[in-house]
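Next, two complexes with subunit A in common: one pairs it with subunit B, the other with subunit C.
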Partner chain A sequence: MNQFTAGLFLLIFLALPPVANLLESIMVVHMHMQMPLLVIAGFLMAKLVQERFPVFFENWNSNGVPGILLFIIIMVYWMIPRTMDEALTVQSVAIFKYISLPFLAGIPLRDSWKKLGDKSKNALIISFTVMFFAMGLLYIMSPEQLCNNYLIIEQITLGWGFITMAACAVVYLIYSAVVDPSDYV
Partner chain B sequence: MKKNWHTPFALALVLLFGLSLFYIGTDGFKAYTAETARVNSLIENQPQFPEVTFEDSKGRVYPVSEFDGKYVFITFMYTYCSTVCPILEMNMGQVYSQVPEEYIGEDIVFLSISFDPERDDPVTLAEYTGHFNADGDTWRMARINDQEELDSLLEEFGVVVIPYENGDFAHNSAFYLVDREGTLIDVMDYTEIGEAAERVNTILENDKGE
Partner chain C sequence: MEALKLNFQDKTNKALGINEEDALITKTYMLVAFTALLIGGTLGLLQGLNRAGLLELPVWFNYYQVLTAHGLLLVLVLTAFFTIGYFYAAMSHSLGGLLPKVRKMAWIGFGMKIVGFVMAVIPILLNQATVMFTFYPPMAASPWFYIGLVFIVLGVWMCAFGAFIQVANWRKNNKGQHLPIISYFATGVFVLLFFGSVPVAIEVLYIIPWSIGWIETINVMLARTLFWAFGHTLVNIWYLTALSAWYVVVPKIIGGRRFSDTLTRLVIILLVIMNIPGGFHHQIVDPGIAESVKYMHVFMSLAIGFPSLMTAYAMFSVFEKTARKKGGTGIFAWFKKLPWGDVRFLAPMIAMIAFIPGGAGGIVQSTNQLNQVVHNTLWVVGHFHLTVGTTVVLTFFGISYWLIPYVSKRVLTPKINKLGVITTLIWTAGMSFMAIAMHWVGLLGSPRRTSYTTYADNATALSWDPYLMFLAVGGTLLMIGVLLQVYAVVHLMFFAPKGETEFPIADVEDNASKTPMWTESWGRVVVLLLLLVAMGYVIPLVEFIGNAPPGSPPFQTW
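For the complex of A and B:
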């Protein structure tokens, strides 16, 4: 099975109503599992798209910046508490989720990542780390229920999910700064 | 590498797209949570209080028209609630005490509506009025027995109630103000007591002046 089919299957599988309902019933799974999996689905499908339209990507995303910016915009958009709620209650927003995450985040991420220099990559990881810490604190400390469809306890769990992701990113950053893999060959 | 104009153009396009996306998604950078969006749209749309029948802590049964010609200051709660409702009702009591006595009962009635009609019978409600020194007349606590009527009210006023374990509910909280004609005219932050009281008093004063 090639990557495109795998990605397409993943997308269709995630969009199946019982699967979607299950994943969306738990806030932290909705944000930290379903949404990243949708991005991964797009990431897998990207290969075929890139092969089909090499000129398009070469022209319009020559340095990878527009693509990565589009990726950032889509990621940040889905971190707004309101979009999480509306993905459950407003159908057009729900459909937009299944389109934007694979096609406007997954595909551009794959195309842009290779084109970015090491510094840009690290800058991106650092910004997401800071953002995840901030979002984590927001969801943990907020005295209010940010999403009407989820309980406060789920909101706190989600906050810790963000902090955990950020902590992992910090470990990665320290590792990549301190350890030189060639020492261990 | 040859200069191309496509990439800067794509960058501008992406920026524009992002800006529009966030603008639309947050109602012009005004509502970042569904709750804010809900309150904004309620204030804008001013829904009418639907036809429901109340049963209050004194066992009286009456329709909404009982409150015709009076402002009604409303909260939604259930008496078994141990988290936000006591605070909500306590704050409501503080607003009540900040409204001049001349208006109380004459121009404005306070009403706490339970969305747990099964457990909140008149006896339970009566006990609950005692906790907050509500007199049961100018500040009433009532349940709506007909589930359909209750649901239509919750839907109309955008109250989201999620039942979870041990018979508890998660729900959003606010102060609702309905005018003399039964139209919802404001939804206020229940933690801003002074602000809410001021708003109510201003409305009542302007109303008297007319």
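For the complex of A and C:
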């Protein structure tokens, strides 16, 4: 199975109503599992798209910056509580979710990642880490229920999901700062 | 210069065998491990006889004390000491001898584990820690029991960090090379030992003030969850240790080559990354976890089946290739060409075969509805005597017949080999009787962790008796197996004829493709491991803590 089919299968699988219902029934799973998996689906499909439309990517994303900006915008958009709520209640937003995450985040991410330098990559990881800590605190501290569809305890869980992911990113950043791979390999 | 010196050391090490100081570490660890087998096995026999209604245990050493000691000795002491002793010898062999610093850490770790173990055992003997090896709150033991456990964990960490230092040092001096496969297994095991014992350390540090009375209540669900994050990881540590022998040692013993190096390393990485969240399959009937969350955790548990299937494929492929090279033909060529009379092969081979029903039973138990049928019955006890009691333990036995001669500079005589074959067969027969009886009677409802009772001559309870008799028969055979095995270990360590025994490590195929370098980036593996832990644990832990019930004071239920 090539990557494109794998990605397409993943996208279709995630869109199956029982799967979607299960994943969307838990707030943190909705945001930290379903959505990243959709991005991964796009990431997998990207290869074929890149091969088919090399000129397009060359023209519009030659240094990787536009692509990564698009990725950031889409990711940030889906971190807003209200968008998650709408994805559950408004059909067109739900469809937008299934299109935007794979095709407007996953594909540009793959096309841009290789074009970015080490510094930009680290800058991107660091800014997402900071953002995750901030979002985590927001979801944990908020005294109000932010989504109609999810209880406060779910919101707190999501907050801790953000914090633990950010903590993992910090471990990674420290590791790559402290350990010089050329000492070992 | 430094590198040259090390290279020289490496060569002498391989030519002359293990140096005295490194050997002493492994010999000591092995002695403790097999002493635990002797005592633990004896206690197992007492339990077996009791469950069959043949033996009433005295009040000063009751069934549950025996069970606590049996569990702790076999599941913690035997396995931990064996694993550490084995992998320290493996690192000494494949990484050019242990660094003096690392050797010291292994001894400090040894001391801490022994001190901790004594601290934990005394309250068990005094009937003040009859909490079984899972020590679930709100049952509360004497604080000394838990303090002992803390020391054991610290001792294990000492050994884990010793291993990390040894491996990092080797890699600095051997840039561009892959860590030798056996030490790669060791690294995986020590990474799991370290990260897996973090949760139980947290649990115990939470229990201690509660058992002393400084805090009044404890969050029972939180404690259970932390326990199984560790307990399940421990299971995969044994499994990974057994795998190291299957992938690396067995092919050498049968005169073949080992399976693809890249895939072997991939199996290790997968097991290390995916393992810790699997702990939830021990909590399938626990309250406080949403059904949907449990459902998703089933995937996590079953995912472990993937590397297992890869292993089964790998093993058969190695057997097949080896047999063909030796001139075997037909579909069952591999079967005829294998050295069945060699205990170093026979024991791990039966271990692998036992893993087929063992693994199948595991899949059964991971299923919600079926789990409700077998939970806390003797079925479960049958399951882990197949998996740890047979698969893991027989692999350990098989290892002991070359590892102990290797570290004591002696040789395995044909007589001891024969004895080993007999031990293996007795163990297989004993475990078959015992495990099948346990599975079956468990399905009929007989509970685990319950000393013999007929429930006032209740008809159902009486119908269990014939099966329990089989259990006792199996237990008696196993006791004979224990005695023979311990005899073999002592003989090989102190009395067998002097000579050189090699540490059997198979080579890869000549035309093997090069292993990619990404397999060496342990930092990334650890980050992925932590991410999966976060994915698995954030939801239930926030629920348990955020919606916590009032908590429970300590109880002494016995």
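As a working rule, the second predicted complex is superposed on the first by the 185 of 185 C-alpha atoms of A that agree within 3 Å, B and C clash if a C-alpha of one lies under 4 Å from a C-alpha of the other, contacts with A are read in each partner's own complex, and residues count from 1 in each chain.
We take it that contacts are C-beta pairs under 8 Å (C-beta built on N, C-alpha and C of every residue); 3 or more make two chains touch, one makes a residue touch a chain.
For clarity, every value in this text was computed on a predicted model and none was experimentally measured.
If you put the two complexes together on subunit A, you find that subunit B and subunit C both fit without a clash. Of the two partner chains placed by the overlay, only subunit B lies in contact with A:Q145; subunit C stays clear of it.
When the two complexes are overlaid on their common chain A, residue A:I99 makes contact with neither subunit B nor subunit C.
Looking at the shared chain after the overlay, A:A134 reaches neither subunit B nor subunit C. Look at A:Y172: by the touch rule set out above, it reaches subunit C but stays clear of subunit B. In the superposition on chain A, A:P181 makes contact with subunit C only, while subunit B stays out of contact range. Touch criterion met: A:P66 reaches subunit B, while subunit C stays clear of it.
When the two structures are aligned on the shared chain, A:V29 is found in touch with subunit C, with no touch to subunit B.
Taking the C-alpha centre of subunit A as the vertex, the lines to the centres of subunit B and subunit C open to an angle of 110 degrees, rounded to the nearest 10.
Legend: residue contacts after superposition of the two complexes on their common chain; A:I126 is shown touching neither subunit B nor subunit C. Distance between subunit B and subunit C in the overlay is 11 Å (nearest C-alpha pair, rounded to whole angstrom). Annotation: subunit A has no residue touching subunit B in one complex and subunit C in the other.
Touching subunit A in their complex are the following residues of subunit B: 1, 4, 6-7, 9-11, 13-15, 17-18, 21-22, 25-26, 31-38, 160, 162, 164, 170, 172. Residues 22, 25-26, 28-29, 32-33, 153, 156-157, 160-161, 164-165, 167-168, 171-172, 175-176, 179, 181-185 of subunit A touch subunit C in their complex.
Partner subunit A is touched in their complex by these residues of subunit C: 168, 171-172, 175-176, 290, 292-293, 295-296, 517, 520-521, 523-524, 526-527, 530-531, 534-535, 538-539, 541-543, 546-547. Residue ranges of subunit A in contact with subunit B, taken from their complex: 59-63, 65-66, 69-70, 73, 77, 80-83, 85-86, 89, 144-149, 151-152.
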